[in-house]
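Next up: some structures, all given as structure tokens.
The two complexes that follow have chain A in common; it is paired with chain B in the first and with chain C in the second.
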Partner chain A sequence: MQKPIYSSAFMRRLLRNHGACCGLIVLICVSGAALFAPLVYPGDPLRIVAMAEVWPGYDARYPLGTDALGRDIAAMIMHGARASLGIGVFAALTATLIGVTTGAVAAYFGGWVDEVVMRGVELFQTIPALIFLLTIVSILGPTLLNITLAIGFVSWNGLARLTRAEFLSLRERDFVAACHTIGMGNLRIIVNEILPNALPPVIVLSSLTIAGAILYESALSFLGLGDPNVASWGRLIGEGRAVIRTSWFVSAIPGIAVMMTVLSLNLVGDGLNDALNPKLRDR
Partner chain B sequence: MKLLSVKDLQVSFASRHGVVHAVRDISLDIEPGEKVGLVGESGCGKSTLGRALMRIAPITRGNVVLDGTDITSLNAYQLRPIRPKMQMVFQDPYSSINPRHTVGKTIGQPLEMAGWNSGQIKKRVFELLEQVGLPSSAALRYPHEFSGGQRQRIGIARALILKPKLLICDEPVSALDVSVRAQIINLLDDLKQELGVAYLFISHDLSVVHHFADRVLVMYLGRLVESGTTETLWRNSAHPYTRALLSATPVPDPRRRHEARREILTGELPNPLTPPAGCAFGSRCKYVQERCRREPPALRSLQHGHHVACHFDLFNQNNAA
Partner chain C sequence: MSRPQLSKYKEMEHLRGPELGSQTVKRILLRRLLQLGPLLVAVIVLNFLLIQAAPGTFLDIMTAEQQVTDQETVERLRATYGMDQPAYIQLMKYIWAVVQLDLGYSYRHNAPVFDVIMAHLPATLLLMLAAISVSVVIGVLAGVIAALKVNTFWDGAVSFLAVFFYSAPSFWLGIMLTVLFSVKLGWLPVGGMQSVLLEGGGFVRALDILKHLVLPALALGLFYAATYARVTRASMLEVSRLEFVRTARAKGLGQRRIIFAHILRNALLPVVTLLGLQLGTVLGGSVVIEAVYSWPGIGSLLFDSVMSRNFPVVIGVMVLSAFLVAIINISVDLIYVKLDPRIRFN
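Right after this comes the complex of A and B.
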């Protein structure tokens, strides 16, 4: 979204932020794990490969040990990065798409459109997201696609409100009036003129939404409502519960993975916020 | 034929506290190639009038005829072929240009909307950049690299690219440094010579209007209170409000400063939600009489092309004195 002339300065500002830097490194590692999982651990990560509850560091073939069924934790973590990150990113994209569209339409057209749309948003806000999510997934069935869409569907509220706020101030700018004076259509004004200006804070919130989505997915899997064919981090934590007294590492390792990823996303989100928000620049 | 003819125009907005009539019963004509100034203090409805003429503020009554076409009730689609005849230069050169587009894209956008192909647009954009005094390299740069004055040139180029017959300038220099103002005014003047475009020049800066306009309209609380040629108004203003405005203009010569009699207006512009009965200016006028509070004065003709909305004859008193 950033114009090329901004981008070098933008990257410099982002990388000057140590937190964002660390976050970015962790995220690159996690993405690398997700990308190369099928190369490093080909085949199904959920198959039983060794004795149960091998401790990390005990056997070089299983650096992170094995779980209660004798499955390789390292393989499941790498493949789990794929599932968790993928679900997180696509759920956040879904949420951004819904949120930006509703927020933009509400603010741009105003009047009764705004009233109706925002009452709808408030209705969604009153429903506890996790309960709503459990309901959708248990009705539609726990497939990867359903889970992703459902998480997106319960996370778009904040994005809609933020987009609306941005649009409310931007639509009053004279450059929008100038577009009206040359007869530009509403759709084009929304998409080509106002949206690029409204995006920076939306991008920040979207990156934080990925973190939220990963947590939702973990919660779902932990409760046993995840996709049974996918090794996701939440599921590992949930399954590790049974052996938590004897082999706590089975739950702890995926737990640390979730924590590090979510923390990194938050750090990068904050970094993006500082780098994209001109009022905070160079403080 | 008149280029622009406005009859009894009214612009109203619904607010939480009731309906505000920002523009009331304004009639005006602009001839082709004429430079008309529109003055009045902040909040009197000058900008709203300009925006209503551009059809970006809601017209509740009256009609606007541009170059023989009544544009009052045309919808967005029907307005498209009319738009090129009338364009606008905005007050704030920072908010009027999309920061995400290159300058070339901003200037060429009206042509894009009119369906020109990109090669023709490029050529015309370079022509316009030269005409407004910007280097052709500006086309590929972004607005934040330019100063306020340069940005206003970009805004003027965008407004002129469709070769409009009427340019509505909404306080085009009031956001600029004084040193840059003269440049922009001269640019507008030169462009008039070159292109024969007519101007409606909205401003609260009387010295600028005096320099620029052939004819001046004075607005107060949504109404026209006086109109006439610039010379007539500066020499023989007939409305107490115009007089007060004129006497508030600083005199550049310090030796003559004390000669000017200041008429200082007291009070504020009345709340447009609850305008005073009778003459709108009655609450601040030093000549106010009983009659002013009862009946609103109509705009009447004093002499050829000089109109005033006042019950009394300041004009004749002035001449007698």
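Right after this comes the complex of A and C.
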């Protein structure tokens, strides 16, 4: 199975894209923050450590200041990176798994299978995702697992449509006919033969789905439906609302963190797309 | 017209227009309306399954909240809400009731769910309409400027702002706008829809609501403005390369006429499609924005109901919002037919 994605020409194309480069650097920083948070700020980031509402830059021990309860914002931001990235990545994986499976099956088998899947996609397109998400999480309870699965569950339809479109064009190709001729099973044709060829655009959309998932997570925790035991950027924004008259930075800082992460994921996604479709690069 | 490079962005993956083929408007309308029924049933079933999967029935919460301890009363309530029957019968009954526009009864509001939702709907529709207008006007304008001055400072500025607003969470943007315009400058109110003590006629009140509307509409609309700016720019650039634009130039039309009557008109098609597909997310986004600005709409109602596990209202909001989105999508299809004569005359 050939993987054109990792070729050096591909990497060169990706790195020539300045936006994607910046995005990649930011992403590495955020991942680093997520990875090293327990080392830099050991212990519970949600514990009270200092006076309330210390402004950023005022006390060197709290470079980003403290919130209305006197918790260290820098610690919460670093630990929040874990929640945001973790939920984002796993939710996108869930969405990709559901979307690719349904899209592939729909296009490969066609007929009523296709009909059922497409009606399902339409259904999820009609229900406003955020409203559905709120409902699911509030009914099943705000745990990390539920939140991750729920975000994946409302984000798969774009991936299903894309995979289906890719499969529809690939399934008529000669190499698939050849596979049928030598008696290969359906599952093997789908997974081993068609899927690798359909994957590049799906990977791009998956990376963009991570960005969407992070936004959903932050909105959920902003509304107070996040996991209460986990430091989260969205929740910090929500809690900072109470003190916007005196200390607006409490809301501002985690919002910038969300924005930078989402922005860099979008840039990398665009960069990936350009690198995978060199024909479009000059536009 | 092929639009290869439009697949460049995430949102553009939806841009394959509605599959209208050679059908006439009436048949499209009929088919779409017929699809509406199964769609709503599916929404109901989905929610019903979810609620069945939830730990604890809403009767438990209701009785706990209203401090009903008398077993007999609980049983009577169970019978009143039909919860003594098997789940599938409850489901059938609910679907039949929805057909008759009966979405159940909200014990918290002491009113039928349908009435409660209808009372909150105008505020949300107003907010949505304002946000969409903001996003289309700002987005298309910015996209046109960027496309006309492609690869200049203006193009770069529009791209930068688009990327900024595309990535910022709307609720955060809302809070930051509040900090700037309400707390620091004191120009606009912090939240709500109307001032409490306000004397004056209709005009004064309308102006008051408008003042309350500015920030939420901006916070909600700027994200979509960013996507429309990107789509309009890409689409303008592409259409301007097409043959008929060259023809228009060749026959000596003025620059302004070419841009607005020829290029922009055709470049707006993907914007319309995107608009239709995003209306559902505008409705979802308004939930969060309504929470930020305590805007008394569907979003606040849903949030309140979700928190108090008032499930009849939650399902009601889901069903009605799905209905709303489906109706809007059908209208977008019809607008599409109006805008693109090729669909009509095929």
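Everything that follows uses one rule, which is that the second predicted complex is superposed on the first by the 274 of 283 C-alpha atoms of A that agree within 3 Å, B and C clash if a C-alpha of one lies under 4 Å from a C-alpha of the other, contacts with A are read in each partner's own complex, and residues count from 1 in each chain.
Please note the rule applied: a residue touches a chain if its C-beta (ideal position, glycine included) is under 8 Å from a C-beta of that chain, and two chains touch if they have at least 3 such contacts.
Since the model is a prediction, treat every value here as computed from it, not as a measurement.
After superposition onto chain A, partners chain B and chain C are found to sit side by side with no clash.
By the document's definition of touching, neither partner reaches A:Ser84: not chain B, not chain C. Looking at the shared chain after the overlay, A:Ser206 reaches neither chain B nor chain C.
In the superposition on chain A, A:Thr163 makes contact with neither chain B nor chain C. In the superposed model, A:Ser155 makes contact with neither chain B nor chain C. Of the two partner chains, chain B is the only one that A:Ile182 touches; chain C does not reach it. Shared-chain residue A:Asn17: touches no atom of chain B or chain C. When the shared chain is aligned, chain B comes close enough to touch A:Pro196, but chain C does not. The larger set of touched chain A residues comes from C, when the choice is between chain B and chain C. Closest C-alpha contact of chain B with chain C, superposed model: 13 Å. Chain A uses no single residue to touch chain B in one structure and chain C in the other.
Residues of chain B that touch chain A in their complex: 51, 54, 56, 76, 79-80, 83, 87-88, 90-92, 95-100, 109-110, 113-114, 142, 155, 158, 162. Of all the residues in chain C, the ones that touch chain A in their complex are 4-5, 7-10, 13-14, 35, 38-39, 42-43, 46-47, 50-51, 53-55, 163-164, 166-169, 171-173, 175-176, 178-179, 183, 237, 277, 280-281, 283-285, 287-288, 291-292, 302-303, 306-307, 309, 311, 314, 317-318, 321-322, 325-326, 329. On the side of chain A, the complex with chain B involves touching residues 3, 5, 173-175, 177-185, 193, 196-197. Within the complex formed with chain C, the chain A residues making contact are 119, 122-123, 125-132, 134-136, 138-141, 158, 161-162, 201, 205, 208, 211, 215, 218-219, 222-225, 234, 237, 240-241, 244-245, 248, 251-252, 255, 258-260, 262-263, 266-267, 269-270, 273-274, 280, 283.
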